[in-house]
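Here you go, one structure.
Letters A, B, C, D and E mark the chains as written, and numbering starts fresh at 1 in each.
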């Protein structure tokens, strides 16, 4: 009963929150926090439960709705609930003086609820229903801000509808073939399906997941949507919602089809997995370099979200213990640090009055140190500096790629990482380092309620980086569920038999070396703090406004790569959209407005009917 | 161009019709349900005029619909012509005396004739619609001939409504008494006499009044 | 005495009464429709057990007199008609202010009566008569506003409609000439003895489909629809879209399934449906200005979907079609009603005038959104359930052509999503542009909320609640739809029930 | 014993790195037909700098630099030095790659805090340049790892010692060549010293450093020299069981690098990238293809 | 010739229908179109009557005893035609009234000019 309770609390909580908002804002805020807290608690309670199912009949087409919890769904559910809670907490301050807050909280809770629904549904129909609810409610929140967000939302919803319709096709086709929608039942039926049918199922369904996960040719909705949504929601979007694609792929590839079938799916060199790998690799590289030339803090993060998806894909496509673990772990890690980074971007936006262009900022480290640390740790996680969580998962993925003899994929992943280094540094440098502009001389650190989620996430990034064994244990349970060999783990990493990674050694090495260097540093002669313009201008006059070099930070490089970064896919879709519009406009001319023609249509139709009936 | 296309299309339809009509030879006796009416009509309805018995008894529901359609037309005309500027024909020359007198003379006769037609609908050719149309022509005459003697529209409306109501109420009474809507609950009487055929004359009277009023109303609306 | 004939007789009686009441006429349609609603709900359990055959006139056995067939299908549609009619009439009490109001209400009631008659009757000519009742009253009502567009569209509608009626009549005449009977069961009986080789039958079927297609708005016979829907008063648009064209579809289904049982012809019907769907949806996407016209095109699309589902010609297909029919009736009337007052408030049918209306008319915008989502087929709204059943029917039919059609349906859904989301974002996310532009009538202050009057709000909220309720708990309607679908499939049973009554 | 193993490599690296710095200036001077400074001049410089007062710009200015040096030290701990490799069991070559990021990032953070446009430009160039050489470097490393089917540097060294040097084995000489070609870029010396061009942007990242900061930066430079060269020795020259042999190998590689440095003029950043992405990438790529096919 | 004389009634009524259709399809004056519609109506009505006709039949009225029921024409089409005539009249009336109002608004009855509603 606990699963339906979770869903009821999630959905009901959203509605109650909305209604409470009509009474008082405070009540609404408290309720929102309570609901999301309750979800976290409830979901933590079902950890370690064995696979449990709850049946609810939908008296329609004789379908059963099944709710199911298993390690996979628990893993995603806790991410969803956790990030949901943090983003609600964050919103309390961030959204304080915005309008239509009832709507905002309602939609945010509603999205969380529907995402929970997708992961704990045990049959494809309820999966799809929750998926669709998720799509449109997300749309409602993406467009919340108006302005540019409208177009972003429209782009998102159209692509998402395309994806979900593809999925619908698959689901219905499975249903009409096997007469059931239960995932486990379909999984057993699919073992005997023909190759062609399996391919159809796999390709069509993955269209939807590729879209939602924003893999390369279908990524175009994401940067806009993430950049234009309000920041707490961007973090939800980027951390959780986008990763539903990974969940879906995992579900279809491993839970429904299973390894045996996947291995059969190839034509010569090209197999389904290799196509996905290619997509992943292209996504990584393309996204990393596109992020490099962005000037908008949230857009950088959005593109990084696109890129990091590629790593996850590369991880989970290879059904080896380390690859799968790496992919899944990367989902978790990415969710943590990208949420953190969006919180950072939001905090800056909040304090500077909506500035997202990083070139206008600088030197904020002095005013917002906590935010800076959060950003630094977040970016380190994003890059994968050792001792942050991102490192462990990337390490696993690289290892899989290299040892699995896929050096070119590994190369793409590495290049992507280097791109990440570049834009990650740019993010920090342009926002936090250097000269503090005059107008931001008096801004304050982010409010406490906004700091709290950031601090929590920062700690988590480091914690999982040093003690990767904690999440890895959960992930290995997922693997056991789909009969994959689980990866052996220790608390600090991977034991020697599975390829030795020991984060605690690295931690001590770094700490000790830092200590030694620091001692050296302390012993040396003292230094005097000076004004930043002093040393540069040697005392002579420099304009106060801005000499922090930020604009076009990687100018030579951008000049070189920009020609290759034209978003061909985006243009292509735009042309399709325009073309469709044009065709529609032409088609509508059928209704010419002159009644004689209309009458002629009628007679034409009659004649046509008679004609074909006479002669066929 | 348009004409040619039209002709081609109509040609195709025409071919189809020709094929279709092969199975329906002209003038052959192919009556099926109708035969039943012809043989049992008098017995079952008491009306000598089989058409009337079909119109008001066997297919009385159609007639109700038909009355409704006319009603709709009247209402529709009212809706469409609503708010049109009423131009009283000031400069209208009064009709000549002959015409005026003729009209006044003929008007009651026409009404009477119409009434005759619909009252005897179950006996002779004719009926409510025909009678109503004749009555309406009387009003048309009076409108044309005696422009000053117009009858108020309200009365038409009331007559219309009452006629319709009588039809429906008769049907409902039939439903309660006979068990069927529009069933013939009155005694059928002796065939070929005026007071025969149960409710058919009553219905025809209602129809006659209604149609007369409606057509007159339509004419009124159009003229105005 | 719960006879289904009262569903027709009582509204007719009321409508004859209405002109006598003058000012009180506006309360007549709600009362009559409420009566119908209650009656049809009461009839449902009875009908589900066994269809009621009502004899009219002298009570002679069929085929010798007109009979009504209160089958699950008929009662389902009658229920739908009275429900939508009831709600729309409540809306109309406040909405219809100018013009010949009592005539409006009477005509409105007659239109609904005609629709009820169409779905209940078992006689082909009687069907035609009720069809004419529906058509003629809608010609008049389309012109109700009295502006040039209303008149123009009414004239066009009238010309096309009367051609269609004449075609129906020719079809009837051909059938009558062939079989000498007008009772649908009898004709069906005869046709199933004949093999379908006779060219007369072909031609009659062609005439029927063309004739009913005009009212049923299949492409290319639907040119009247966008005009009429966009220029009629919103209540009438709602009824036309929610009820009138549905009866046309019903008639087509009745003719093809029961009368002719043209199994081989069904794939053609499905093709027509798909073409209609595509044309409708694409035109709606192309129509960026006039919201009512856009909704009208969307109606065309939805009708295409319904016809496609009928054309699948399996039980599931018919089930999906009927389900979609119900949902579309609810959702589209909701949309037209909601847009009615929006248009009234902003004084323009331009889509761009709706910007930022979500703040001024929050409830109307909300229900508009719900209706739009339901039409797109997003869960948890009603449209999702029906769309999914149509798609599953299409795939289950195991036919390559139908599979391709299903993909086209999905494509059309995307287009649908595009234009509906365009409106939704206009409502909610765009700031209203020019304050002066917004409130032309009523002189309402721009910042203030200007929600609809309460009597107009209640119906649309009820409709929205219904949509959500059906979406969450489809059992509300699926029971009767299932038996209706079975009834429509079961031609032999139909004939047997009617002709075997004595 | 273990503790000595941990202490020895950084200390040696410090010494060797500073020695290389001195040697570098010396050789350059000889090539330029002048006497250079004494070999221990860098050490003297460092000691001297530690006693000088300096200016600073904020907390990150310090921490970044500390991190940077610490990162380099940790990298050294990961590299097999002769037989000694304290952290060989903690993740192998992949970890090295990532920890190597700490040093430049730390420097960049520290420099970024200085807010001097020269620094920013320097950092920007440095990162671009690093992207430039990382691409061939990654290809090289990948081909090695793929070829030896391991990610542990110790293993790689061991296999080479058992068979033959990678430089001399068939497909791997291509990546080795590529590595040699990009070695100056890795070491940050001419022709790839555009990021710290003294004449143009006043030494770039170093411009605000003085006193202990400059000292630490110099040490860091020394370490990075050591890392770059020792990586080559380990990867392609089979490492060594013996510290002395190892040192000699490093010396040879270093000298080659210095000669290249001495004869080429400084490249502009675009030219550098173009250079790095042409021949070395092509070589490494071909190598990788061959490796992955074999 | 025999064919013609056998089917002259059919030819007549369908002739009317097709003429009416042709008018509707090609004429641009609204009044003419309405007349065309009326043509169609009339044709259809005639067709209905024709279908029920028996060669040499009498009206189905037993106005005096001794009429041969076998010779009577079908009463149903006659009843139907009664209805359709009324329908035709209604449509005609409505159409004409619409035409009147339309003329007020557009000042013309040319259907090619009355096309503000399109697309």
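Everything below uses one rule, namely that a contact is a pair of C-beta atoms (placed from the backbone, for glycine too) under 8 Å apart; a residue touches a chain by one contact, two chains touch by 3 or more.
Keep in mind the model is a prediction, meaning the values are calculated, not measured.
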Chains touching both chain A and chain C: B, E
Shared chain contacts [chain B and chain D, defined touch]: A
B-E compared against A-B, more contacting pairs: B-E
Maximum centroid distance from chain D, chain identifier (CA atoms): B
Cα-centroid distance, chain A relative to chain B, in whole angstrom: 73
Chain B-chain C separation of Cα centroids, rounded to whole Å: 30
Mean-CA-position distance for chain D and chain A (Å): 36
Gap in Å, rounded to a whole number, between the CA centres of chain E and chain C: 29
Shared interface positions of chain D, touching two or more other chains: none
Multi-chain contact sites of chain E, meaning residues that touch two or more partners: 21, 24-26, 33, 51-52, 74, 76, 80, 83, 87, 90-91, 94, 98, 101, 115-117, 119
For chain B, residues contacting two or more additional chains: 2, 6, 9-10, 13, 16-17, 19, 21, 24, 31, 33-34, 37, 59, 62, 65-66, 69, 72-73, 76-77, 80
Set of all touching chain pairs, with the criterion as stated earlier: A-B, A-C, A-D, A-E, B-C, B-E, C-E
Residues of chain C that touch chain A when the two form their complex: 155-156, 159-160, 163-164, 167, 199, 202-203, 205-207, 209-210, 213-214, 220-221, 223-224, 226-227, 265, 268, 279, 282-283, 285-287, 297, 373, 376, 378-380, 384-385, 388-389, 391-392, 395-396, 398, 406-407, 410, 413-415, 417-418, 421-422, 425, 428-431, 474-475, 478
Touching residues (chain side chain A, partner chain D) in the complex: 362-363, 365-366, 376, 383-386, 391, 394-395, 398-399, 402-403, 405, 407-408, 410-411, 414-415, 418-419, 421-422, 425, 428-429, 433-435, 493, 496, 499-503, 505-506, 509-510, 513-514, 516-518, 520-521, 523-530, 532, 534-536, 547-550, 553-557, 559-560
Partner chain B, residues of chain E touching it in the complex: 6-7, 9-10, 14, 18, 21-22, 25-26, 50-55, 59-63, 69-70, 72-76, 78-80, 82-83, 85-87, 89-91, 93-94, 96-98, 100-101, 104
Complex contacts: residues of chain B adjacent to chain C: 16-17, 19-24, 30-34, 36-37, 44-45, 57-62, 64-66, 68-69, 71-73, 75-80, 82-83, 157-158, 160-165, 167-169, 171-172, 175-176, 178-184
Sites on chain A touched by chain E in the complex: 588-589, 591-596, 599-600, 603
